[in-house]
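Dropping the structures in below, format is structure tokens.
Each of the next two complexes has chain A plus one more chain, namely chain B in the first and chain C in the second.
For the complex of A and B:
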């Protein structure tokens, strides 16, 4: 080996072996690295794990190939009507009918919104994405402006954009023409944006020592939580019109929006209250001993900590709210899921796999939205948890 | 105190409801410039949105026909999709002016709900679908057959009644949703499938091989579907009724969307009265005398509407059956226009 040399000293033929260079590290034993080792450490550590691994692999082998065949290989990608997706002599296997989704994707996105005005919805989507990115990206510049944009400018501009304004030359589009993904997103955003502040106010009210505020908050929260969302929507859409004259009747979509926002606020209030109660009393006392007033104490000491520990629950409520928006269908609003349901019964596209394809499309949309929410929440939690690890 | 409040609120509601009902609906509609029509949230052939988001279907076309009679413009309709639960409230509260939403005309709805039903624009009823390979040609031959049916529906009760009345042996297989029911039938769980006849045709298209199945001729229940309006505004009710009769009369007289302009010159007194070249029948309803001309010009006659939405011109291909004109063995009959 080249690293070994025989050195001779002047005093004699006393030889010694001196290593001049470090010996290169041996590769780790094959039981510790590499794919095999990884599998042994993670998949086959014991009899139970081994059995589970084998069972899951078999399950995947059983489920995935047919799924892939249905979604991709046998799927129909082009076509103008049901003829494309029905069984024929030469087409004995029909997978997902994506041609149906392609034909109806505009309806799924915009509902009945007039064709000539759909660019307004596109602009709304872009504005919303800008707002979300600005507010949620913690490294974005001027997030104070972002908050003003997201909570003041965006709602006003969106409202004018979507419902129209005669003075600006935008034709008025009544809300009965709104539909599809656009309505789902409008309802969910309004619910999300309104429910947190309102929920915080209600939670603080419930813990307040002022009897009026406390009583109101308790009654509101318990009453709203005590009835199902369907009942709230149903009351708003069926009972309300009987009690008010024609000209005072609020818009159908507005009724649903108010119902959902109030409903979500009641749940949010309890989530926030849990955070408030989890804080040790010392935090309150410390804040008070610094001479902070109630508002300062809440804003600077209590709420930042309380909200931080409730992030998982807040996101949980948001995801629940997002999926609950599909209930607006019972008051006759065509949300995303209802748009798909209405399209799938169309005889033009009546074929065996059309319904399944429509529902898969819906599932993908809801999964992407909900997973994005939970992934973002995880990132925020990880960032905030740095403080706890120190 | 609370009780007093509730009483007051109910009284107020009743007062408003009453005022809404006795108001001249036609004038309100003319003022608003559009007809507010309670429609289905999605039913194949009767009311459903197309790819561009336009409403299509037989019920939808009825509303357009009424709008054509009033405004000479079938697009002046605002469709309010209503679920089965909130349809009557929407009508009672004045949110919609007319409800055309495959609603079965029954005595309780006609009397205690405070509605007026117009003429039946589609005679529906429960029917059966079987595989052609069974070689069954009549429902009476279904003794001992297993029948897929949605549970908890009147369909299920009608099925039991029919088999008992005809001394047939019934093996019903029930499912919670209509989707499951048709899937089970398609998978071969039962010999026959039953639901309303209009539904049978649309479900048939969803089967793996639609052509292997036939709809049997027997209709075992009465489901007269028609438009309804609020009780108490007879002028409006007349208008809604006569829209349908005008459509039927046009079909009877052979007046179509295509030839309606030539028909204006017709010497046939019936055609003249229908198209308003003779008589003042439109004015009596608060419309113009060419009201029926407008309807046919924009929408065609009843036969054309039927074929276009649910009949041979549509994928459903429903036979006229009970919905043929009375002169052709059906039940559609219009009183004379004179």
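For the complex of A and C:
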């Protein structure tokens, strides 16, 4: 029947009641689209939300202008000593003393590292950036070589580069001259490089069927996780020298590195263990049924999968480790924060806003590093979620 | 009588070095030997080093006179006559004080921020999000130093104290607050209050049982409030208001009376609370998001009103996800309170691994005791939490 109607219409008899073209859509009501609707949905949902929004806007109007004035308009950008940042008759408002940061930035970066040798630190930074970029970029070529570079070559080259070697003609720089951002990065890098393999070993030990291996792993992990880092550092600093013979007393930086690395590997072990537990049993059984031995099973089947799903948590542990490196100052390491502290109380720059400026500079450095790491972790997480969906 | 061939199948014959049991045994024996050797070497070297450096061993120092002042003490302590043992208890109590106050405040702030992150109001959600991002990505030590050196120590001196409400003063020597002074009969008020607490807990249990049996709800909130306030208030008035406040008064050079929260304590508390709250906020947010939307929708379909849905459906399920990581945040806060060393608050790590270690030089004993205390707190909390978790875990059928 309907075919008939259609054919009739198509055959030429104009049916005046049939609409040929669609009517243009009405615009949506103005309360549902555009800026107004967005504000209604996100800022003024109900009376309570409206009041909160107004209160927050007033708060912002109260807080933000002074903050801007402090950081930018009233800030002091140039100067060679405290004269630039103190109150005077004509300068009644002093903001952040950026001149202080500009003056001491080399000190913050290299500590007391000899001036003539600072290029070595710069080379170390470049080598480190190459390693990080190679390892973190999941699409980079030959990431197996990258791993060897990052976990084997880089540490050795960096050690020779930073501490010097007579045979290569690099003057020796004792570690008590290392300082600032450089030593923070060295401590964090060593912690990162050591804690992952050690953490994997401990995690495998904890899940092992061998009672002795399991017992030692559990005791170590639970002990270290149960005490604050400060006490671990104290232990490394005052007890470690007692435990080794007199003729091989570890150097101060090495003690701190041992403390940090052991502490981080206990946390890493728990993260890796969570990854191992998340793998279904079938993966183990499948590997065993193929006749793989334990080492082959772990290397080829289990660890690649377990580590992949736990990358975000590993990175989060690294963030914690990076923040924790600030505590090495307790055992006398002159790290970045200590450099800020030392410069802040230096009489050359004794001015009212210098402390706050120094802390803001430190905060920006730590925030950029940690935020970059957590953004990377989130990106990997999102990638893995996509892979899971298939 | 025929012999069946069902005898247990023969063990596969492998060379001993391929037998998993032999291998496992050999490996473990090796491990034990290695660790035993390391421990032996460490002990041997330690004994040797201690003898050569003439450091005393043992806990003999425990009862010796400490002879150093401690700026804040909850128990009587005097520089001249108190022992190292008493200094230890002072430090431990100070640690527990800052940790317990910090836990309460961090929980309140953390739940607030965590809920705010899920707000429909994007301003609130945005502020909460950036609070979490900024605080979590900065080292706690940096935050503590900022609060102590750049904020609290930079406050005006005694003469220009900021006057706060309720007769408090804030200056670079700390926060001066009215000190509650209890008179005779205050014990009775306290007893009445405790009775009210017990009564309200009993009422809650009764109301829950009745609701499970009959479905009728009781006004639990109102009754609890009443039981907590009314008996205590009646006794308080009847015994002649046995609570007065010693209000601090500002003199020219000093503030007398009242009690003072030292800047060291305040900086540590601020730092710990603000830092831990950011982590708790994430825990809370994850917990709430873990309750699927279907649960809320089903509750609405059953005709529950929004607040009942929250109380009976969302919160119990969210708490199951929230509580384990929340506990580890509490433990982190307690362990992080050892950063008191950097701002000079006399906590356990500061008093013991700081001053006592410097004075006695007995590194092994002092660091060992300190670690043991933290370990006891951590493992004790973990045990309680495992028990709680086992009770609250989802019963799967």
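The definition used in the following text is that the second predicted complex is superposed on the first by the 313 of 390 C-alpha atoms of A that agree within 3 Å, B and C clash if a C-alpha of one lies under 4 Å from a C-alpha of the other, contacts with A are read in each partner's own complex, and residues count from 1 in each chain.
Note that contacts are C-beta pairs under 8 Å (C-beta built on N, C-alpha and C of every residue); 3 or more make two chains touch, one makes a residue touch a chain.
Here the structure is a predicted model, which means the values were calculated and not measured.
S.K.: Just chain B (first), just chain C (second), both, or neither: which does A:159 touch?
M.R.: neither
S.K.: With both complexes overlaid on chain A, does A:151 touch chain B (first), chain C (second), both or neither?
M.R.: Neither chain B nor chain C is touched by A:151.
S.K.: Is A:53 touching the first partner chain B, the second partner chain C, both, or neither of them?
M.R.: In the superposition, A:53 touches chain C alone.
S.K.: Report for A:347: first if it touches chain B alone, second if chain C alone, otherwise both or neither.
M.R.: first
S.K.: A:355 contacts which: chain B (first), chain C (second), both, neither?
M.R.: After superposing on A, A:355 lies in contact with both chain B and chain C.
S.K.: Of the partners chain B and chain C, which touch A:45 in the superposed model: first, second, both, neither?
M.R.: In the superposed model, A:45 contacts chain C only, not chain B.
S.K.: Quick one: classify A:86 as touching chain B (first), chain C (second), both or neither.
M.R.: In the superposition, A:86 contacts chain B only.
S.K.: Could you look at A:238 and tell me whether it touches chain B, chain C, both or neither (first, second, both, neither)?
M.R.: both
S.K.: Please write out, lowest number first, the residues of chain A touched by both chain B and chain C across the two complexes.
M.R.: 234, 238-239, 241-246, 329-330, 341, 352, 355
S.K.: Which stretch or stretches of chain B touch chain A in the complex?
M.R.: Of all residues in chain B, those touching chain A are 9, 12-13, 16-17, 19-20, 41-45, 48-54, 78-83, 85-86, 89-90, 92-95, 179, 186, 202, 205-210, 314-316.
S.K.: Considering only the defined contacts, which chain A positions touch chain B in the complex?
M.R.: Residues of chain A touching chain B: 81-82, 86-87, 103-104, 106-107, 110-113, 115, 174, 176-177, 179, 234, 237-239, 241-246, 249, 252, 329-332, 334, 338-339, 341-343, 345-348, 350-352, 354-355.
S.K.: Residues of chain A touching chain C in their complex?
M.R.: Going through chain A, the ones touching chain C are 41-43, 45, 49, 52-53, 56-57, 209-213, 216, 222-223, 225-231, 234-235, 238-239, 241-246, 319, 323-324, 326-327, 329-330, 337, 341, 344, 352, 355-356, 359, 362-363, 366-367, 370-371, 374.
S.K.: Of all residues in chain C, which touch chain A in the complex?
M.R.: Listed in rising order, the residues of chain C that touch chain A are 24, 27-28, 31-32, 35, 41-42, 45-46, 48-50, 52, 119-124, 127, 133-134, 136-142, 145-146, 149-150, 154, 335-336, 338-339, 341-342, 349, 353, 357, 363-364, 367, 370-371, 374-375, 378-379.
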